[in-house]
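Two complexes are shown next, each including chain A; its partner changes from chain B in the first to chain C in the second.
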Partner chain A sequence: MKNFKILLGTLIISTLLILYVKKNRTSNNIKKEKVLRNVVSSKVKTFDPTRSNDIYCARQIAKIYDTLLEYDYLERPFKLKPSLLEEMPEISEDQLTYTFKLKKGILFHRDECFENDKQRELQAKDVIYTLKRMADVKTMSNSYGYIQNRIKGLDEWRRKYKDGNADYDEKIEGLQELDKYSFRIKLKSPFSEILNIFVLPGYSIISKIAYQKYKEDLAKHPVGTGPFYIKEFNPQSNEIIYYKNPDFRDEYFPTHGAAEYQEMIDKYGGKKMPFVDKIITKIIVEESPKWLKFNNNEIDYMNITCHSNLKNILDETSTDLKEEYKAKGLDLLVAIGQSTNFFCFNNIHPLFKDNINLRRAMNLAFDRETYKNLFFTKIDKNAQSIIPPGLSGYDYNYKNEFCEYNLKKAKEYIIKSGYYNKKIPVITLETGTSIKDRQKAEFLKKCMREIGIEIKIQTNTWPAIANKINKKEYMMTKMGWYADYNSGKPFLDTFYGHNEAQGLNYTYFNNEEYNQIFEKTAFMRNMKDKDRAFQKLNRIIGDSLPVLFLFHTAHYIIKKSKVKNYLYVTFIYGNEKYVDVVS
Partner chain B sequence: MNIIVYIIKRILYAIPVFFGVSFLIFIMFNIVAGDPTIMLLGKYATAKQMADLRHYLGLDKAWYLQYFDILKSAFTFNFGHSWATKQLISEMIKSGAKVSLTLSLPSFIISSIISLIISMISAFYRGKWIDKFLVLICVIMMSISALSYILFGQWILAYKFGLFPIEGYEYGFPFFIPYIILPCIIWIILSTGSDIRFYRTIILDELYQDYVRTARAKGLSETMIFCKHILKNAMIPIITNLIIQIPFLILGFLLIENFFGIPGLGSIILDAINNSDFPVIKAITILTASVYIVFNAITDILYVILDPRINLK
Partner chain C sequence: MRNLELKIFHNNKILVLATLILSIFFVVAILSYSGIIASNWYQQVGGSYDSPNIKNIFGTDIFGRSVLAKLIKGTETAISIGFVVSSIAIIIGLSLGLISGYFGGIIDEFIVWLYTTIASIPNIILLIAFTFILEKGIMSVYIALAMTRWVEICRLIRAEVIKQKSKDYIQASIAIGASHFRRIFYHILPNVIHIAIIQFSLVFQVSIKSEVILSYLGLGEQNQPSWGLMINDAKVEIIRGVWWQLVFATIAMFLIVLSFNIVSDALRDFLDPKLRNK
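Then we have the complex of A and B:
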């Protein structure tokens, strides 16, 4: 009993001591350094850019690594600019050869894998190595898909070493190292989107030396050229601490940009980045502890995804905070995301194939306003077609008459669809396992019942849905598509009838006119021509209704007013280098 | 039958059970679950790419060879690497189990002690107001969902009163202690309700046995009967219940770990499911099944050792 008391006493005292030490440690640190504290809503699986396959990893990787190109932070419409490159690449007349020149003197983070600073310098061989590694079957890279069948010799090299023992010293025609800082990429056929692809965090440049030392462990021991570095990473951990890279190249806050950002330009333009010394990123999956931590002043900004939290903090316009929150020194950022949500039809299923009237009727019978009130906010934009606002190909004048709720018209189209006085077969909707998925499916069921269509809800895990789509064994499912980069192309990709990728054309839409225009866009260099062609394709999708269009959802970010320069754009990664924290 | 022979026999029984379980796992993940390459390669994957990856992962091998790989991994404890994080799965399990145990072990010990004491009090005063009150509290505790306790604990105790951290975890003793106190309290509240009811029923069952009547006839005091005879006999199912719970301790508590950001095995399982990380799910399923089989065998053996009434034949 005596021993037990001693043990209990020790435990209590040690707990109090730890709490006290921790409290002091934290408050001391905050006084000395500029610390930015943010949160990520999903576990960060890897810091290996080539292997990253979700947006959460991508946003973390972008703090540590750099890409060849990046989007200008403040320019609108979005504009590409060199990041690791000295200048924009030189493109040959036939659009098949791209010559790149790297900036000199860019250093990888200090790490024991390098013997000296000379070895730390970024070179053309690192870029070639990164691209080859992406193509290596063993890497299982998600990013490779963007360049497959594009670069001369790369796919052949991949096939040759499909057992996993790839020879990285073997020369590939499409990837040529010209000198220490220059390299050339040769394409099989023109592909004007390739520069946008070099912005993706998956295309961040890794060090050949670092990979050769750490191999698989590069996932938890990243060595990049970016503005921040980490000391250690554990994929199961709930916190990542980033430190300012003391050797980060001279990069300055933009001195020009859209008029709406003039205040930022006036205050920060020309100042050396990054501004913060440390970033503490908490990994919190559940919404309620995240929200409590934000209110407890442990997080400086966060993306609000919980609908009920949003409803609580937004005023009636849904565009601003309620007064009580403003009084607490909080700001709200609202950004219409470059994404589109929809229920998709299997367009080769006998029920939907060649029956545009049925698809029209279903689009007309869907009460988007009530749906929006239940699951979204007023500001989410009704989708008229597939490309979201702000991207090339989005048509501000296009209004889809079938995306308006009109039951009377929907019933007329049911008659036209050939099901007048005839029972429409039950439609199975493959949906996810979450409560929200189920609720949304129930709403669709309710709407379709109004026009005599019975929906059977089938819940599945995502791999199970993917399998059904792949085998063409589904009728309807719910999907969303995010902009990978600043172009409508990734959205249009999903409707190209001759698509080779399994997961891409999941609606199995196949329209000859669409296919022909789509193929031509690969050759277009002139942005205006391309934009027109994308608009045309977007209209074809809107008119053909291969899906039941829903919304382009908004992103809500709540932040403390002390956080400056933070902007949210779906495809701009690594924006922490622009952010400042003022006292 | 000799006890040693019984133990050998019991272990031999476990072997076909293990093969059966591993075969079920093989069917679940290698046949029913479908093609994982779609998930691994993402939306731009072509059929060629998927075929290459299937070949690389050995998914195009004959089914019996794939099943043999599962058996081999179970016996060697070499489950390969996670598809999502590329970590060594055995290392992930080891580190996750350690974290889970920092939460589950104290919770289990404390809740078991509390449950035993309260159930004994309740049974001793059976039918009286104290028993009724305790039963009522147990029913209330069992009726409230785990999520309510978690949300209440985080909102009131952690956020409003600042008694505990809202969530988080720090590796290493004693740094994890502040982070596990609130989850431990919730775990204890969650498990004591049902445990008290179960143990009380067992004790009450013993109360009406012939040997109790005999003891009373002999003039022994109620306290003596309760402590010396009833408790001794009631301990057998209680110990069984406790031992059976041990394998699950390493798995942690999925919901608690997730809400409190505790990087235990429960949280690893949830991540693996979300990422379709089949090798991790497979490894944890095999491991749990194996540990469960082992502990089941231990329970059976203990039964024989503790209760002389059980006939080995």
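Then we have the complex of A and C:
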């Protein structure tokens, strides 16, 4: 009995000791691991870059995949630099031929689709495959719109296989593989924007081998070359965990940049990236739980889109935090809007098609000042047309007379629209499921009631709205467009009537004059001429009112001061690799 | 019978109060429906988020609309949901329960299979599925709720009909040559109708709760005030100290559900012969 007690005592003591040692080891490991915790405000539909079509997916994809080029993180004005490329592409005299050279030894993430490391190496054939897949009708990529009618032979190849079963081995004149690491793109006409396009996450390079193994499952099983990878992606999950890619190429924090970032350069310049071991991205649609998690230290930084929260934390200038929040060790980043918000009309719907007076009336009846006071801040700018300030094509002198609140004039235009003494059909507005989306929709409903228009609010998830847009089965919806790259052109692309890419021309606007000028801009070499043409196009959109213009909104990001090097620019993706978390 | 009814009210002050509260809700809903009150609920009557004051005793919402007017309009939505859903559910549940219990055989097997299948799916999932198929809005809430709420009624009616069917008075009616129709509607129905009346009041309040949940989840009414939407709005308002929409909508819902429970209990005590004899 005595022996049994001794044995039992020894057992208990040794178990406790083992548990203690194990716990200590685990906690030491956690301490060593640098974890960045952020949030995305929408369900992530896909990790397939070629098929992604929203900003939420784009920001997630950019952590896993790489593009050929990227914007220099710290240089201002913005400057392109090679990412997967060895150097900037060689451009022929006539600006029709671009020769690209990939960096050697870039490896795709470790994955069972590769038999050996040799197969994992990024090659020119992967780039050619990515571009062909984008053009393949079956892929239904809306990124294709940016290169439509640009690359020799690509559109013909697309049309040839419009019924599916495209032959990816067929040679295309404009896409030539020169050797294992080099390839050439031949254009139909000069198109300087092409380099800007190669920074878009939709143009991330996928592995031909990975796609051939996973096919459509690539959406859930991404295999990229980027700084992070994921083990699995469950579209129903509310969290995505990214791990540092152990094979990420030698990439170092910039050693030069704008003076305002000198402190970052001094501290981090030349250090190998990425700095964090893990990123935990929570998927939270509603603002309140996001805010609670931020206060509970479960999120390190987040974009604040809720007017209630903004009004709580901003000082009178709307550009800085109130003292009490600064005292908590929080920082605020304000990125002046390179985006435009609007309610869009389906311009091929019988109610809006060829009825500019109705669209004018609706623009005039919208009380933007009250809307701004309720949902936005002082520094947001009223939109006069589609291109936001600071980008080529923005016209500081252009004032849209229909973007002024004027009920009397709005009622006159209702009469002109042919609906005098005639009931206007009920307009269904497709909007998001969040409270702010519904409240904004209710505001539109309230304004339109003043001119006798009844709005029916229909809430949907974003994928459901995108689906209705693609099928042209909507009347009105609320949208925002971010600058995809440092130019006004991405905004203009979306109104080009001959755009074949699914969902890119979401308003189905089709104006012959616009289309002709837009097509001509591709041949323009002189930047001034191009800017003037962009201004003209911007004016056509402003005058035609294919949308109900709202604001060029600022972006507010609140972050814990332990998060270092985080910058927010609408067209810089994948900035997590520059970010460090200090204890 | 009349004396018994009065006795129940005299002995139960809570029941009197609950009945009074329900009557007020019904009157408010009828007045709102006929446009006598709260017809201009969408109009701005004050500043954005004015706290309760003399002019707007329940305060205002983000657009300066009266919370009281929204609450009244929400009452209309709640009562209409309760009434329409209970009526449809009673018609379906009572009809299928009578047919199934009376005829038995393959008809009974089919109806039992049908309601067992529907009952085996979690209610909220079924409701969400219905609203997705039928597009969001008040009509789909009517249909979705009615399609899920008849099951319990049908089950209870069927069991009671099976019991009644074997009783002497039915055997006697068969002996004198009464038709199926007469046996079901003249003899059995009056003896099972109390179940339908009790279930009506229960389904009424469950439907109101379900509508609030669906609207809160963004699947219900989107174009007219609803208590669920008001509670949903409060998610972003509470952080700014705007409590009035949440509090008043919750109180309204609490009162109606509690009152219905009290009245349902009293109805059961009154109508169920087993309980009445105790």
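To be clear about the criterion, the second predicted complex is superposed on the first by the 361 of 583 C-alpha atoms of A that agree within 3 Å, B and C clash if a C-alpha of one lies under 4 Å from a C-alpha of the other, contacts with A are read in each partner's own complex, and residues count from 1 in each chain.
Assume contacts are C-beta pairs under 8 Å (C-beta built on N, C-alpha and C of every residue); 3 or more make two chains touch, one makes a residue touch a chain.
Treat the numbers as computed from the prediction; the structure is a model and nothing was measured.
Once the two complexes are overlaid on the shared chain, A:K436 sits against chain C while remaining clear of chain B.
Once the two complexes are overlaid on the shared chain, A:E216 sits against chain B while remaining clear of chain C.
Using the contact criterion defined above for the overlaid structures, shared-chain residue A:V285 touches chain B, although it does not reach chain C. Touch counts on chain A: comparing chain C and chain B, the chain ahead is B. When the two structures are aligned on the shared chain, A:L567 is found in touch with neither chain B nor chain C. In the superposed pair of complexes, A:T46 makes contact with chain B only, with no contact to chain C.
Contacts of A:K311 after superposition on the shared chain: chain C is touched, whereas chain B is not. Overlap of the chain B and chain C interfaces on chain A: residues 286, 288. Residue ranges on chain C touching chain A, taken from their complex, read 42, 48, 62-63, 135-137, 218, 222-223, 229, 232-233, 235-240. Against chain A, the residues of chain B that register as touching in their complex are 33-36, 38-50, 52-53, 55-56, 81, 83-87, 92, 95-96, 99, 151, 154-155, 158-159, 166-169, 174-175, 177-178, 181, 258-261, 263, 267-268, 271, 273-276.
Across the complex, chain A meets chain C through its residues 286-288, 291, 306, 308-309, 311-312, 373-374, 433, 435-436, 438-439, 442-443, 445-446, 449, 456-459.
Within the complex, the chain A residues that touch chain B are 11, 14-15, 18-19, 22, 42-43, 45-46, 48, 51, 53, 137-138, 140, 142, 144-146, 148-149, 158-159, 162-164, 216, 219-220, 234-239, 282-286, 288-289, 292-293, 295-296, 298, 461-464, 466-467, 470, 500-504.
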